[in-house]
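One chain, chain A, links the two complexes that follow: it is found with chain B in the first and with chain C in the second.
What follows is the complex of A and B.
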């Protein structure tokens, strides 16, 4: 029960349900101290992520040299090839070397293309980021107005429709949606290209066109999720909060109360959820990029897997995880920055 | 269900808004329907996948005769037709569903027992031990669901058992987090404090007082989690890292149907419908139960 216990990341579930009075004791702690603590807490997690990535890729049965050489290779050939790849050391030596190089931004060279992994990934990152940004925009453009309309009249016809939409959205697998979208919009009506990618520098319009279907496949299920979340939060604000009662008593119209008062508060919660979703979205991009042949990180991962290209797999998995940790960190920080009532610095333990 | 009504409520990640009047009979009927309809649908899906092939004589899902390839819907021996190499689609959907549901049950069963126990202990003991335990969970949860599963499945090779292992890595930390948060919420409740002060041993407090109160949340999450696992298993199979072909799975059916999408959209649409209905009924049932338990 000591206030000096390390802060924990339990914002995602029920963080708000915990009593606030203990937090008030340290209410004077500055935002900077909160941020510093969050960053420090993220360091062991980031180290753990590198260790687990390396562990999975190296200790799980399956010999890299054997899979690269094929089943006909003799044991002598396998050993020679392992030496050539620099793999004939103990696990911890290999991990130390890998981590040392990694801290210098060196992920090694690809087994198949022999190019530095860092430059390959640097070329793939913008594609994945653009896809995710586009998907986010689509999900917000759909979910915010829909949630506002639904919260305006709870249990009304629009509310029922929006709940049906969001239930369908959270229940549809993004790859199913992607394949169905290709069938409808690329095969039946040739409105969008089924596969292929035009880079943003070549032609911006074509670039957007090539990313539209994949972004919808990622963004639509997300829109369903955000609609549910935002609607529930808006209704809670409208039914519980004093400032809503005050605003209504002042004679402010219902729309203005929802948009200018309730929405402003509900968006805080939504923004942190968006930051938390970042990792999930990267995961969704893996399969979507593969379906639409987009040259992003996820597609690179699948190709590396079919080539047994360990350095690329390790680097990509690690980047995914580090970005998820970064997203979670961002969510914590945004939560602290946006809501002045939240003062981290103490937990109930 | 031996759950005690908890004043802390059991609303999960998405709090359900107020609005339904519990006293009104029409509202009560609607709420009952919200549980019975998806439960019946789910039961039907389970029965079709596990008992269906025993009751109606469907062809083997891995039997192929190239002369029977590309038969349409409602053809004499193949209700849903056959695919481009002559596999019976209905049979593959039923057996594929069986694999999906087995995997979902196993992954969530292991996750609920192992992760639920881990999180409950961490949340109850608190302090630095809790902080250390949760850092492990933070590391596991940092991997976007499918990415670590892809890496593990690639290393182990495709098989149903390996899919279960790969996805368990994702379900255990999710349950641990949920169960820890739920435990924190009930830990300071009067009846728990009273039990502790009256000298009840920690094991007994956990099993007899904490567990019954966090169980509704774990069960709700189990249903939502099964939906997630069915989708993830489909994704792994879609990428050829899950159920090894020629064994059927909804994921690998959609992947192979994708190659002849223009000519034969039904090869993609039929398994997609099966996948969607399964996940939908799991989500609806999870939602209905959460509403039911949080309104008591």
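What follows is the complex of A and C.
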């Protein structure tokens, strides 16, 4: 799907004449250089994220001492606790100290638990990561076959049903879906737990059970979106592209044309959207983790915000930003994997 | 010297022993108990009428807690460093036990202490510590350890530290030990001492030797106490798994084998989790709709309220530095209508800071001005109009009540602007000093402690809008006296003065509900208990989940 290829890529015909090993191509193309540039460009983005987060936390009413000590604390008690935490300095001093520590690989300690932020994040990250991965799998497992079936017979019964499903998926907020899922599958059917998390190390089966409803709540709306997107792209390929006509003229069966030829090109658009959706997914995880009482980054972030626990908030937001940037970079790499013709031109980069 | 508690005894096993104890002791104690109004009972949990079948025979329970309050323990569960202390009272009591517990009908139940007495006219309180008790790790539970804990708590950053209540604490050697007696010294009589202990982190005694060995970080996630349960695992603000403490001092207790506290997002999530079989108890439900739905399947029991809603005035600035403006609000406020229309008449109306679950309850106050729309209109007209800024905390119950009151006031010709603030900006309103009128709660099990009457009406409190040395003196005397009758009289006088000066209309006393499976019984669940601070502390050692 050349139309979906990003403008920054130099797509050169004939590149597939001598198929090369991926590692070889990476080493000898400008891909690594481009990725390096992207990573360098991400540094000011990361810095901006941390600065803005710090600024916002400084501007919102209240402070960590007030949050932790509660309503009955007197101003004197609040001031004393602020001093005890070392927070009775100006914004720039506090931010400078935090940034200095960060550059040395030290995220600092949580204001509320006093535990190292890295250990807190290390405990939460796998939960969120697993939830997002599971949600992606669910969304792709649903959307890809559905889009293929829909594209096989446009305006047929399956196509109409898939469009109804995707419209519903896009329209329903994931937190509403979560409540419905809990009611049906936890309360009525008792097939899955309503709350809680079991780690992989404890019991893999229970781990999957504990994450299934949250992952569906996150993944189903995505599946609706992806189905619409992929179906539209597949139809465009099937109706307009010469290579499809050629394949059909060669007597290749319709399913083979869709799956082997059209789908591969259509995946470009999907990958782009998936990469851009990464940040959205993290936002969804914040709400869904709260509803299902999952001990992930999102739930931790909510608690940290409640407590004005800036070191934890900063670290979490930074990780969210890194994951978003990382998702985009991953998409760039996958372009090269999916289409050997793609080269990274220095002029366009 | 007023002797209120009697040392010795061995908890539930001491029931029979106590019966053998001479009636003379009981009779002598009764006189003092009657005087102080705190009926000490020989059984440590008189509420548990049935005979225990044995420790661990009560099955296992998962208790759901709201993430916004009880279900948050970000700074761990070390009594001295848990800044969310009182909200975590169910977990703390399970792990540490208590020196004293608050039982049904406000009875003081000696737990790890066996009794207390006032010495030196009430300036010194001697607490007798139970002998033979061990922490869950086998370390001895001693009076010296209790004293160390209390001293440590006095430096605690948590507002559940007794420091804020113990304003007359002696400057030098405030906590001393002699044998198995811990003495706390004050410069003035302090009759509300035991109430203040129960509503503070001083009630929970940690094994500070274990703290030394484990380190602060490990200890706050797996604290060692002498309570009925020990920690198996702890994921802060998510889940804490406890199991029966086999070395618990009371033979045959706790009844439960396992006790798990799990955090949920809100009332609805809790109800869904219970429906899915993932919890059997939900503490402090506050959504009437959820409670009504839950009542079809579970037991729903209202806690004994101790904290009425009140309308606070800032009497330092206009318009409420004028008594007629305050009286106009009194006349314009129809508390009964709000209770009826918004809360299905669930909460008892009151004219003072006392409530049905607390000490000194007196719903009627002489001279209290009730609802009278005609008089409200007349006063507003006399004042040449009245424009007010009315605010409350951003929680649904308070917001709904505020909107309803604003409508009532507008019917009297008062121009009202309303605002709802989260906690931090709400506090800023008070500390800024420019606020006019607010809907808050004022009251506690003992009015002398917590968010009691002094918190809202004493000149020294930053959250008070009243500045009266006369009222301050009455409240100080009420907190200081060791005589219950005197205290009741003082608080009645305080309520009458507040009514006379129109310093704050009172509405009704709200209390959350406990939702639990029908096979669960125990004090604080099937037997309502008064709220210590915001909610009641369940006596988990007595709870059972078997039919």
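By our rule, the second predicted complex is superposed on the first by the 281 of 349 C-alpha atoms of A that agree within 3 Å, B and C clash if a C-alpha of one lies under 4 Å from a C-alpha of the other, contacts with A are read in each partner's own complex, and residues count from 1 in each chain.
Keep in mind that, in the parts below, a residue touches a chain if its C-beta (ideal position, glycine included) is under 8 Å from a C-beta of that chain, and two chains touch if they have at least 3 such contacts.
Since this is a predicted model, take the numbers as computed values, not measurements.
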{"item": "First, second, both or neither for A:290, with chain B first and chain C second", "value": "both"}
{"item": "Chain B versus chain C as contact partner of A:77, first or second or both or neither", "value": "second"}
{"item": "First, second, both or neither for A:193, with chain B first and chain C second", "value": "second"}
{"item": "Contacts of A:113 with chain B and chain C, given as first, second, both or neither", "value": "second"}
{"item": "Which of chain B and chain C A:202 touches, first, second, both or neither", "value": "neither"}
{"item": "First (chain B), second (chain C), both or neither touched by A:231", "value": "first"}
{"item": "Which of chain B and chain C A:154 touches, first, second, both or neither", "value": "first"}
{"item": "Chain A: partner with more touched residues, chain B or chain C", "value": "B"}
{"item": "Partner chain(s) touched by A:104 [first = chain B, second = chain C, both, neither]", "value": "neither"}
{"item": "First (chain B), second (chain C), both or neither touched by A:183", "value": "both"}
{"item": "Footprint overlap on chain A, comparing chain B with chain C", "value": "60-62, 179, 182-183, 187, 290-291"}
{"item": "Parts of chain A lying in touch with chain B, wherever the complex brings them together", "value": "1-2, 5-6, 8-10, 12-15, 17-19, 44-45, 48-49, 52-53, 56-57, 60-62, 154-155, 167-168, 170-173, 175-176, 179-180, 182-183, 187, 228-229, 231-233, 235-236, 239, 279-280, 282-284, 286-287, 290-291, 301-302, 305, 313, 316-317, 320-322, 324-325, 328, 348-349"}
{"item": "Complex contacts: residues of chain C adjacent to chain A", "value": "67, 72, 74-76, 83-84, 157-159, 164, 216-217, 220, 235-239, 262-265, 268-269, 272-273, 275-278, 422-428, 431, 450-451, 455, 462-463"}
{"item": "Contact set on chain B toward chain A in their complex", "value": "8, 12-19, 126-128, 130-131, 134-136, 138-140, 142-148, 150-152, 154-157, 177-178, 180-182, 184-185, 188, 227, 231, 234-235, 238-239, 241, 251, 254, 257-258, 261-262, 265, 268-269, 272, 275-276, 279-280, 283-284, 287"}
{"item": "In the complex with chain C, residue positions of chain A that touch it", "value": "60-63, 65-75, 77, 80-81, 84, 110, 112-115, 123, 179, 182-183, 186-187, 190, 193-196, 290-291, 293, 295, 299, 303, 306-307, 309"}
